[in-house]
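Two complexes come next, and they have one chain in common, chain A, joined by chain B in the first and chain C in the second.
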Partner chain A sequence: MALARFLAKNVKRTTALPAVLLFFTLLTVNFFIMPGALSRSFLVSFLNTNTAVICLTMGASVVIIAGGIDISLGPMVSVANVMLIKLLAAGTHYSAAIPLTVLATTAMGLLNGVLVAVLRGSSLLTTFAASTVYSGIALLVMPVPGGSVAREMTAFYNGSLLGIPATVFFILAPYVVWKAFKRTPHGIRLYAAGNNPAKAYSSAVNVPAEKLFAFGFAGFSAGIGTVALTSSIGSGDPLIGAQMSMMAISAAVIGGVSLSGGYGDITGGIFGSLFLGLITVIVLSSNISSFLQQFVSGVILLLGMIGAMLFTMRRGEKARRSADRGGGTAHGE
Partner chain B sequence: MANKPRRTLNLDNIRIFLPSVLAVIALLVLGRYLSGRFLTVKNLGSILMTSSILMFATVAQNIVLISGNNGIDLSVGAVMSMTALLGPTIPMATVGEFALAIVAVMGMGAACGLINGAGIRQLGIPALIMTLIMAGVVTGFTMYVTKGRPAIELSPLLLGVSKTVFPMFRVLTLAAIAAVAALEIILRKTRIGRSLTLVGDNPRAAELCGLRVSLISVLAYVSSGAIAGFAGLMLVGYTGSAVMKMADGYTLLSVAAAIIGGTSVSGGRGSFIGGALGAIVFVVLNSILQVLRIPEGARYVIQGCLLVVILLTNNRSQKLRQ
Partner chain C sequence: MLRFENISKTYGQVRALSNASLAVAGGEIRGILGGNGSGKSTLVKIAGGTVVPDSGAIYLDGARTAIGSPKDAKKAGIIMTSQELSIVPNLTVEENLLLSRFPARFGILSDARRARRLSREMLDRLELGHRIDSEVAGLPENELYLLEFGKALIQDGDILLLDEITSALYDNNVAVVRSILRECKAANKTILFISHRMEELYSICDSVTVMRNGEAVGTFGIAEKNENELLTLMAGQVCPASGKVSGTGKAADARPVVEADSIPIRQYRKSVSIKVMPGEIIGVAGLQGHGQSEIVRTLHGMRGEVSIRIAGRPTTIRSPRQAVRHGFAFISGDRQTEGVFKEHSVGDNLAVVGELAKRGKAADARKALDAINVKYSGIFQKLTSLSGGNQQKVIVGRWTSTDPLLILADDPTKGIDVRARSDLHALFAGMAKRGSALVMVSSDDNELVSLCAHSDNSRVIVLYEGGIVATLRGMDITRDNIIAAAIPQKVGAGDGAR
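So, the complex of A and B:
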């Protein structure tokens, strides 16, 4: 009884629930379409192809929790991808090229953070402008797809470490950084800054600093995601990230992260991106005419979003109402 | 009472239009300096023609941006691509049929807008996400219906939109100018236009005034979709053929043009004329960069940096310390 009540309470409290439910529903559907779908090899290759989006979703979630939005994460991946390939082609050892790549995306993330948090640009439009710039840089660095990676990178990425698929460690890196940050006093401050910046400010929270961390973290996650992606596909493509920011943001929202800020966590976002990944798998494996595939996956995504919204709506309203109590006036942007 | 809003409007007008007008003039002078053939009637005519399609897209975007509630329509380009591909399949032999075809494409766009509006208003899905998913659905639908085949056989009436009427001014350019002017008057002077502005500026106050906030913002998405549908058909009339995803780039350009034209991202402030000028700025800038043979990547970098500068000068959010 006590256990059931404990479970009920915690399940109710988690914002990730709709995304988790959606994910397992699709996983079941997929199992019936494709009987091998629960084998280790399928799950590992599924994770392998989705690690980049998962990392990006974690970054996007934290920025949204901090009351912003970053739609330049995808183009950031493009820049980092072509940069990594060019560095390797120029003879840089991968042990130097990989940290440099992560450093570059972190710097791009921090630049977005400065523009939004310090110079107070609107985060949607500023990162939109930044994404134009980043796409341009990627095209300048490498106008056409090509290149190759060190064989060790591909081997490591497709192999496993201590019996755990290597790709899991790429997901764990941003996850651990965020969970550690959340345990410090800054964790609650970041949520406060996202929920109601004016009130957070009057409670002596350094709002710009918290936002800056969120953007920097998103850049860092994008870098880790890029390294995973580049090891997985083994080449460079200046357009590779073009669709990714929007996938990451959709995944975060399905995962229960509220775009009004200060609500949700990255765990939901992870399941949201797994749900998106499964849509592609199901549509590809179900023998639908190729002309119909995009329409079907779009409709599934729309239905999933509607389901997630209906699910969180009442609870979200409740949370917002309790946050509004006391006459909060400031809204994120 | 009657004087006050008019005065603020005038102040707004100068502040909104001046940067774009100066930018266009500066860019035209620069273009003349760079190439002797830049300021010819023919080139200016084609710049205006390209701008007029972007103007329609920008109007569609502007309506949604003005309606507030973090409104944005990322399905503008996808809807345009859809009507560019599906529109020409409607028979357009006579003027009557052509008019019906226009109504039909606007209806298609309006249907997409209605789904957008319903999802955003009734289910509370953020506009950014809803319209983005809608863009995917619309593109998928177009792919399914056309099986990826381009539209190449166009009715002469449709191609007629790019006929030159006066030197520099083609049919569509004149239509765009007339539409932008008419919509600006509707936005400023009529009840529905003012309601839209109030809903965007302060939805709570609008509701207290007895306005039906949900209905008005759903209508904003519906009209945005309808105008985007029209713009798509006009685009294929100009280019002469349509391929999958041909208009997708208009989504981001329309946002950029609206912002340069002085529309506020937080809603409740904006101008169609400003947006139209913003559209001209982007088209002229692009054609100059093409004259200079600047690679695609560098063009993006320049446009993006320009947009950052503009955003940081006219669209910054309030200081936390008040």
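So, the complex of A and C:
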């Protein structure tokens, strides 16, 4: 019921709807393939494995809304993951190591932000370069996977708090920060800056500051995602985030965030990443030959995208028609 | 009190302002009149912080004030509207209205309730109350300009710089702006009002400054000079009265080039029919949003499929591309989004639909540009470095080489000075004389009167609520007749014309 109300408020009449429909479609499909796919234990473990990508998607969404793109978020996760493991191995208590990790990724995000927003670098080029640097650092710090985390971290992550799976709180952290930001006047300023920086500037909006926030937020989200991921797998891997940047950006776009900037929100992105996660589950649980798995998940993704596009187009037409009618009555007298 | 002192600004080769000085007192509405490229907009942009001058200073109440950004200007109480609009398409009307000044609680949290009250109040004053939650993307042009005006007002500055805020407005909108400006004047605000419409300057302003070639050539009380004297000052030479060109006169027996039995005017669920003869000039008039734009845009294939007859042959137009292939030309008044290719040169912009061959393009382009009287320094300069009027001439120039069957124009001279406007009219008239038909929408009734004076083979159709309520020809084409038809006094009025 609460979910229904949440969806009604955040999804209805927004660009997030296609992603939500895709998610629930696959969830239904999965139910028929894998009995027990709607059980709490399945859903929690599904969420556990996808929290990192969800956090990254929120970060990627906000950067795209602000008119940029950040493809270094995945490598950022790699660096943060090996850093966290190394800190713990060096005897740092997790209560210090975790904030340090989040701080480090936020700083990396802000660095991207300064290069893009203040020094006016192209965000694609800048974050591509940064991603190479971050991947390099991760390999330097920990050439081969290994290490372990504090037992408390795994226990907390796999447990629940007040009856709510702990992983949900990791998703909520960036979510709440963004929603709070949107409740300030900066909310619309960031959207304006992302869509049309020149017009935003002449409206007395501090465009670099808004972009800086977006990149910093993405770094923060990557940090939270890293902590979740590290708690979940319990070890360090310098290549762990390599594929995540594109996953996050794709999920954001499926979730209705427009690459032209200034449109969409993070709610859609969350469902976009859940949809991507479900594709993997379905492909794995339906006993498809491993040679075919990649092909099949690619086809599902493409079909999903086409469906979402058709849906959005049809809705756009409807909206236009009703806008015409609205205009008519408005001018009637 | 706002004072500009010896402001100069050069863009590349073009000198936009040279030692311009100007002072306006509180409680004064100062009109600024000048041809396109005379430096009016640049002057306003310098005070508004979006352009930094090469030299010169701005004084506020006697104190020299440095303005480096729109933020600085806002802090100093200077609020500017932009001819290019500062409205962002992805936000709603309310959000745009408050983008520069969103009310906050404790200095941080958005105060949605106060925001709603402020915007509701402002929109009601602008008669846009019903649009508060609308997406800006679908709004008609005049409402966008009203919104830009409201966005400036709501910031509550001491100095208002209004750069052609009325250029897309209809008479009823202008009346709203006029009464609001009177209130601002009573509140002792300083107002700079740029407009190309003479009657507005006379009815709104206390005084007027004429600009020419980047200088303020004179400031007068509004009653001191008549219209012709101002135009002469502005041009620096005697303004030629628009002469009457005799039409081809062979229209009577010719077949219509284009006939459309049913052009849907969706917002009124009506449709109009139109028959266009070769070389004919048809002006389309009416109040805001009564379907004028729909006619030209539908004919150009911009509103989905439309069935028409071209020289008697039934044809379906599905897209602008097809329309162009059938010999239609479309000229939008909304240059920024529908006209120019911003990052490209004057020559490229001219050639985009023309038949100017790649080789020898330069020579041909120069000839074409000279023929249409464009002020430019080189065909490889960026189009956007030209003034608005010259940009629009280049856009019209695109089509002159193709000898279009039918020219469709949607308020093409919006925001263009009187001289460039009459140049464009002459250009249209010349094309009509060579056989192109012209259907032109205008938000300025006077313009249609002077356009139609170019040819005997012309008429004005007036729309009201999606239907043609009057057709005026010859001596009947006057501003008064157009207005009378556009605002029917009672049911069935409108001169009984079809």
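Simple rule for what comes next: the second predicted complex is superposed on the first by the 300 of 333 C-alpha atoms of A that agree within 3 Å, B and C clash if a C-alpha of one lies under 4 Å from a C-alpha of the other, contacts with A are read in each partner's own complex, and residues count from 1 in each chain.
Note that in this section contacts are C-beta pairs under 8 Å (C-beta built on N, C-alpha and C of every residue); 3 or more make two chains touch, one makes a residue touch a chain.
All values reported here derive from a predicted model rather than from experimental measurement.
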item	value
Touching partner for A:Arg183 - first (chain B), second (chain C), both, neither	second
Partner chain in contact with A:Ala192 - chain B first, chain C second, else both or neither	second
First, second, both or neither for A:Leu310, with chain B first and chain C second	first
Touched partner set for A:Leu292, first chain B, second chain C, both or neither	first
Partner chain in contact with A:Tyr201 - chain B first, chain C second, else both or neither	both
Touch count on chain A, higher of chain B and chain C	B
Contacts of A:Arg120 with chain B and chain C, given as first, second, both or neither	first
Touched partner set for A:Tyr263, first chain B, second chain C, both or neither	second
Chain B and chain C footprints on chain A, overlapping residues	201, 330
Residue ranges of chain A in contact with chain C within the complex	183-185, 187-189, 191-192, 194-196, 199-206, 262-263, 320-321, 323-328, 330-332
For the chain A and chain B complex, residues of the former touching the latter	69, 115, 119-122, 124-126, 128-141, 143, 197-198, 201, 207, 238, 246, 249-250, 253, 259, 291-299, 301-302, 305-306, 309-310, 313, 316, 330, 333
Residues of chain B touching chain A in the complex	70, 72, 119, 123-126, 128-130, 132-134, 136-141, 143-144, 147-148, 252, 255-256, 259, 265-266, 295-305, 307-308, 311-312, 315-322
For the chain C and chain A complex, residues of the former touching the latter	48, 50, 69-71, 73-74, 80, 82, 85-91, 95, 98-100, 102, 104, 108-110, 130-131, 134-135, 138, 140, 151, 266-269, 288-290, 465
